[in-house]
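Below are two complexes that have chain A in common, paired first with chain B and then with chain C.
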Partner chain A sequence: MRILVCVKRIPMVGGRIVLTPDGGQIDTSMLGFTVSPHEECAVEEAVRIVEAVRAKGGSGEVTVLTLGPPEAADQLRDAVALGASKCVLLETDREWGPIATAEAIAQEARERGPFDLLLFGNEAADSGDFQVGIRVAHLLDLPVVTGIKGLALEPSGSAGSLAGSLPRASARREYRGVEESFELGLPAVVTVKEGINLPRYPSLPGRMRAKKAVIDSLALGWQGEALSTESLRVPTVERRRAELLGRGAEAVPALVALLESLGLLS
Partner chain B sequence: MIGAGIVGNGLAYHLARLGLRDLILVDKGPLPNPGGSTGHASNFIFPIDYSKMMTDLTFDSTAQYKEMGVFIESGGIEVARLPEREVEFARRVSVAKAWGIPAEIIDPQEVARLVPYLDPSVIRAGLHFPTVGVVDSLRAGTIMRERAQATGALEVRANTEVLGIDVNPATRRVERVRTTNGDIETDMVAICCGVWSPRVAELAGAHIALTPIVHQMISVGPIPLFADTVGEIAYPIVRDVDANMYERQHGGDIEVGSYAHRPIIVSPGEIPSNEEASLSPTELPFTQDDFDPQLAEALELMPDLLGDEGVGIRYAINGLISMTPDGHPVLGESPEVRGLWSVAASWIKEGPGIARALAEWMVEGRSELDVHEADIARFYPFQQTRQHVRARASESFNKMYGIVHPAEQWSLEREIRLSPMFAAEKELGAFFYQTAGWERPHWYESNAPLLDRYGDRVMPRSAEWESRWWSPLVNAEHLAMRDGCGLVDLSAFVELDVTGKGALSTLQLLSVAQLDVPVGRVVYTSWLDGAGGFKADLTVMRLGVDHFRVVTGGAHGMADKQWILDHLPTDGSAHLSDLTSAWTTIGLWGPRSRDVLASVTDDDVSAEGFGFATCREIETSGLSTLASRISYVGELGWELYLPIEQGARLWRTLFEAGQVHGLVPVGIGVYGTTGRLEKAYRSYGNELTPEYNLVEAGMARPKVKLQEFIGKEAYLAQRESDPAALCCTLTVDDHRSPSTGELRYMLGGEPIVTLSGERIVDAKGRPSYVTSAGSAPSVGVHVLLAYLPPDLAVEGTRLSVVYMNELFGVTVAVVGARPLFDPENERVRA
Partner chain C sequence: MTQVLVLVEHDADGLIDSSRRAVTFARGLAVANANSKVAVCVIGEVPTGGAELASAIGRQAAEYGVASLHVVPFTGYAPLAWARALGQLADSLSADAVVAAGTDRGSEVMAHLGAITGEEMVANCFAVSRSGTHEWHLTRQRWGGSLIEEAWLEAGRALLTVATDAIPPASVVEPVAAPLELELEAYEPQLADGDTSVVATESPEQAGGVSLASARVVVSGGRGVGGVEGFSVIEQLAAYFGGAVGVSRAVTSLGWRPHSEQVGQTGTRVTPDLYMACGISGAIQHLAGCQSAKTMIAINTDGDAPIMARADYAVIGDVNEVLPALLEVLRARG
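After this line comes the complex of A and B, so read on.
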């Protein structure tokens, strides 16, 4: 079982985002970096699948790939600390849009493949393009399901073992209160959403492995792209306020009046 | 109060307790955790510190935490991986004994019995402190804040950012604090802002010398072994001091903290706001690379616990803490802006104690605990520059758990203040120590030939610890000065001229000694605080009817200057000029010093013509020099004052003229230690502290002047009652280590105990310990000064000193200030 998980390095922002003076980027001088919560879950899901395969005597490996600056190696190591075994860094000197990103990933997947499963987060937490997973699937001519919050791999054929032959996958997602189920053959692309699992924390031995992990790096030249970022703007948000209605029993009339005004008391 | 961390809440409580009303506590963050360092503190308290002040503050804080019911005693163990650490433990357990802290060196198996998840094969020994504990500092802050609110004295404004502090330009006093929730009119503001303190002080145009610096911490769990722990902690806290780390249980997790990584300094202006921070402003993003080298050490010490693949790093931060240039907090009223108080750079372990001390200081003018070492007024302007603060913080960060010699010198930010003799001193192979920024020769390699001349009289040392930052040349220079003559660079002296019609009355008010003396007299005097404790000891020259020159040491000079400024008459009748950077001082002492001085002057410097304790202008080889005949080394001689740019010339003149009289350059090792101790001269900060008084120090004079002075009432009462302790000179009976036979020499701070090793504490609860230690080469003994209760302060009494966790016999040689060398003071009066 060979799984490719793609992640993107993003700043770990607080409640208020600060932009660089030219408005071109998020000011990350006092920020840490991470991957989006969806991608954390994608890594966890991949590791769990491979652990299950290995538990049954099979073999498997998780390759984690990112496209980004040299510092994105940190996020690859984070994934190794959680159980990924191989790292690929497609080094870029600027932010790439979803089209070019998908093309680079697809090419890399072809060269390093075949993979049984390609996992993505549903969308990156910073740019939120919702495109890369789908575009990669299209370029590789693979089936894709998106927004997945439940994934199970089943052995192909009733008697076959998970390790033995390519299984099929069943995937589940929620959409506007309706649960949708998918059956798909592997290889396939799945984009997952936070909640599919509860990602583990890295162990100390895991961190030690991460420290020693070899990062397979490849510098990519800028090819140009139809989509590009012009500038960023922080939307004005109305400041949340709390109003103290009173203390103890004296607050009751005001509270009742408020509940009535909201139509919560009949 | 600005800042609602452990300090601000504590200060609010203690000020309210002392009766202050109309208190307002503001913080820009939310309560109960506004986002400062209190919120991410590891919250454990080790009672031990080499600094008595810090130990006392920790002790007081612990008592307060216990009273609030937020203290859990867990015990704590420091573990040694290296042989030198075992030696350090011996030293540390001795100081624990001095301060009355339970401590015991235990073997690795015993450590593993107390901490079953620790691998005993990695360590050589443990130092167990059973009274170590953890506190809930956020809860403690809340309790203290609510207690203050309950008295009706305190109003709390959270989510209120301070925008400005208005200062009256004429009086330089605070008038108003401007906040996002309106202005507050006030003449008293306390900055309790931890890492933000410099930035808030800047709003008032003042400095607080600290820098935020990163301390990395991770939390690992859930630990199966801790699953059944009720409460926060069941196992002792471990300080893996040789790895610069600690490990403590926190509920189901174990916290691993590190001081091993590179110093990561953050500017107060860079700290993100509550809204911008992903965790909190002082919990910055963890930088994994910096922590990575520590993982292996942590795993090595606790392999099963931390090596468990099932437990994860659930929390990891680059936590911000405050560091100051000298490791001490920054406390007191800003010399730059009156009414602006700094209560900054406190750890959790000192917070409530500092709050109490500051509240007393603010309300009563003096705190029960002596915090003078932390006085904000101690800093010279250069010490408050960002570069200096950062350099000191960088250098000291990795020494947090280091083995630091008491005389250890800084390596960064040297050569800041240079005497006019600096070049000449370098030529002579001076080994420099730094005091208040001044490079001061401690000894001179050029004196190496003296070692042959004096042989074993230089009291050579073989033990590495006592030989570090020391040279037998100090003792050789001492002997050469006593035989002939020594030339001492005293440029670090602080010269403060007080002039005007009100000069006399101003200084009379500060001084115990009579200052209404004839012009040309030099007076040695103590300054007291209101309770009769020592505030300073220094000399005053009367240079004119309305002109006095106060001369004090570099280390305490800024605080002494502030004390004068605080007491200048408001009518402008007296003025203070700081002439430190305008004047230099050269000491010339020894039996041949008169011959040397006479050879470069035509003025009368004879015994009759220039009496002891007098001063006047003389001409020295074409220079106009103020000569003052006093001595801190117990010799005939003079302090010679002259404009700083002429210092090198006088030094050269005297040096050349002195060659035929046996003159040698003499370092501060003699001036500050050996010369002083042979004469039993007490030193401010060692023997003379706010905790002791003139009677106890053996410095009470037969008469008390009629004029008022600060502390007089207390001093009169002290004279009427029996002292609880007396300052004594002790000599060591046998320097041989009971275990190794090597000769050992105490350095100061060691406990004085009974022959059988029982701790000695006086009626006021003050322990007996060595306040100063050093060679007395002229009498061939190693001298210890210590306060002893009256029943033991009897000459001939045999006691012990604990050094490196061994007992050495000592004898009380002198009770009181009578010197071992030249007890009749014939030399100084020669």
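After this line comes the complex of A and C, so read on.
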């Protein structure tokens, strides 16, 4: 079982986004970096699948890939700490759009493949383009399901086992209060949402492995794109100062009066 | 003439709210380009789903200023087949723009369409204008709405999804000379076998209680609640209002509560009348899920927490002191 997981480095913004003076980008000078929670869950899911395969005597490995600046190696190492074994960094000198990103990922997947399963986040935390996984599936001519909150791999055929011939995937998600499920044969692309699992904390041996991980990098040249950013801005929300109802339990009468005025008390 | 084609979704009562917003967005584009029209595409079992549903959709489409209503008869949801059908219909209408609400399905189908044709698909737009035949100016949300981008798209045809929470649905006030109800025109796409190989099977969810997404009152707890036990009061308070429990990601990551209760960018977006944020700092990713609340009350020991700048009312204090006291007074009232 060979699984490819794609993650994207993003700044860890907290209470407020601060832009650079020219307004061109997020000021990351004071920020740490991470990946989207969806992608963290994708890594965890991949590691769990491979662990299950190995427990049955099969073999498997998780390759994690990112396209981004050289520093994105940190996010690959974070994935190794969770159990991924190989790292690929496609180095770029600027933010790439979804078409170029998908083409580069598909090309790399072809060269390093075949992979039985390609996992993505449902959408990246920053751009939220909702499409890189789908585009990669089309480029590789693979079936794809998105927004998945539950994934089970079942042996295909009675004689098959998770460790042997390629299993089938059964994937489920929610749509307007209804559960939807999909059946598909591997190889396939699956984009996942946070909640599909609860990612583990990296273990000490995991962190040691991460330090020593070999990062396979490849520099890519930018080709030009049809969509270009003109400017970024932080939406102007009224920064209202909340009306203080009081401190501690002494605020309760004021709270009750407020709830009453909102028509919430019978 | 310009045509804007909108993929809409419906339930048993007609067009869903996000689709009305997507149509409103599309009409904005059509109005700015004189001589333009909005066409709508419905995929599903409408003709067989009963005359009443067809008539409801026809009436709503007319109300929202749509010029033509196209129905692709199809059973079930198969993302690739839907995209193929939408693309073929767009070609046959020579549509200049194809638009869908940024719902799970809308985004998925539009991404497939972009992948099929190799065109750009731009997500989460809430303003669009055209300058020349190959240039589009777009305003769109990034970071779940915490950042806004102005962008240029160079393309003959624009594929866009709509950030529907930024567009209030607006019907056309006086449908001048428009029919009161649009006729459904059937459209038969040419599908290949592989287009229907990934298809959804629906099963009713066994969800009990009030759904978080539609609750009128949400009582939310964050790391400040301190532990699993602290959520007992939050649950009781939510139940008192007939509302739902929400949590921050810190709480789900700690394993205190299930992810299904998470509010935010990677959780559920809520739109209650009252949102009570208890022991929540107010990170932008959390606010992305609750900023449409009509009234927000924050309870936090830190008067300078970011949530205080977004809440309408605040109590500075320990949630484990304030909430039990509040619950006691409410219960005493009966």
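One rule holds in what follows: the second predicted complex is superposed on the first by the 237 of 266 C-alpha atoms of A that agree within 3 Å, B and C clash if a C-alpha of one lies under 4 Å from a C-alpha of the other, contacts with A are read in each partner's own complex, and residues count from 1 in each chain.
Criterion: contacts are C-beta pairs under 8 Å (C-beta built on N, C-alpha and C of every residue); 3 or more make two chains touch, one makes a residue touch a chain.
Remember, it's a predicted structure, so these values are computed and weren't measured experimentally.
Asker: Return the chain, chain B or chain C, that is in touch with more residues of chain A.
Answerer: C
Asker: Does the superposition put A:A125 against chain B (first), chain C (second), both, or neither?
Answerer: second
Asker: Does the superposition put A:E243 against chain B (first), chain C (second), both, or neither?
Answerer: A:E243: touches chain C, not chain B.
Asker: Which partner does A:L142 reach: the first (chain B), the second (chain C), both, or neither?
Answerer: So A:L142 meets neither chain B nor chain C here.
Asker: Between chain B (first) and chain C (second), which, if any, makes contact with A:S29: first, second, both or neither?
Answerer: first
Asker: Taking the superposition as given, does A:V80 touch the first partner, chain B, the second, chain C, both, or neither?
Answerer: neither
Asker: So, does A:P205 touch the first partner chain B, the second partner chain C, both, or neither?
Answerer: first
Asker: Regarding the shared-chain residue A:T229, is it in contact with chain B (first), chain C (second), both, or neither?
Answerer: second
Asker: Could you tell me if A:V18 is touching chain B, chain C, both of them or neither one (first, second, both, neither)?
Answerer: first
Asker: Considering only the contact definition stated at the top, list the common interface residues of chain A for chain B and chain C.
Answerer: 13-17
Asker: Using the touch definition up top, name the residues of chain A that touch chain B in the complex.
Answerer: 12-18, 29-33, 74, 77, 200-208, 211
Asker: Quick one: which bits of chain B touch chain A in the complex? Just the residue numbers, please.
Answerer: 220, 270-278, 284-286, 288, 292, 295-296, 298-299, 306-314
Asker: In their shared complex, at which residues does chain C touch chain A?
Answerer: Those in contact with chain A are residues 11, 16, 77, 79, 102, 104-105, 107-108, 111-112, 114-116, 118, 120-124, 137, 141-155, 161, 197-205, 207, 211, 217, 241, 249, 252-253, 255, 258-260, 262, 265-267, 273-274, 281-285, 291, 295, 297-298, 303, 306, 308-318, 321-322, 325-326, 329-330, 333.
Asker: Quick check: in the complex, which residue numbers of chain A touch chain C?
Answerer: Touch list, chain A to chain C: 13-17, 26, 36-38, 97-99, 102, 123, 125-131, 134-135, 137-139, 143-147, 173-184, 193-195, 198, 226-235, 237, 239-249, 251-253, 255-256, 258-259, 262, 264-265.
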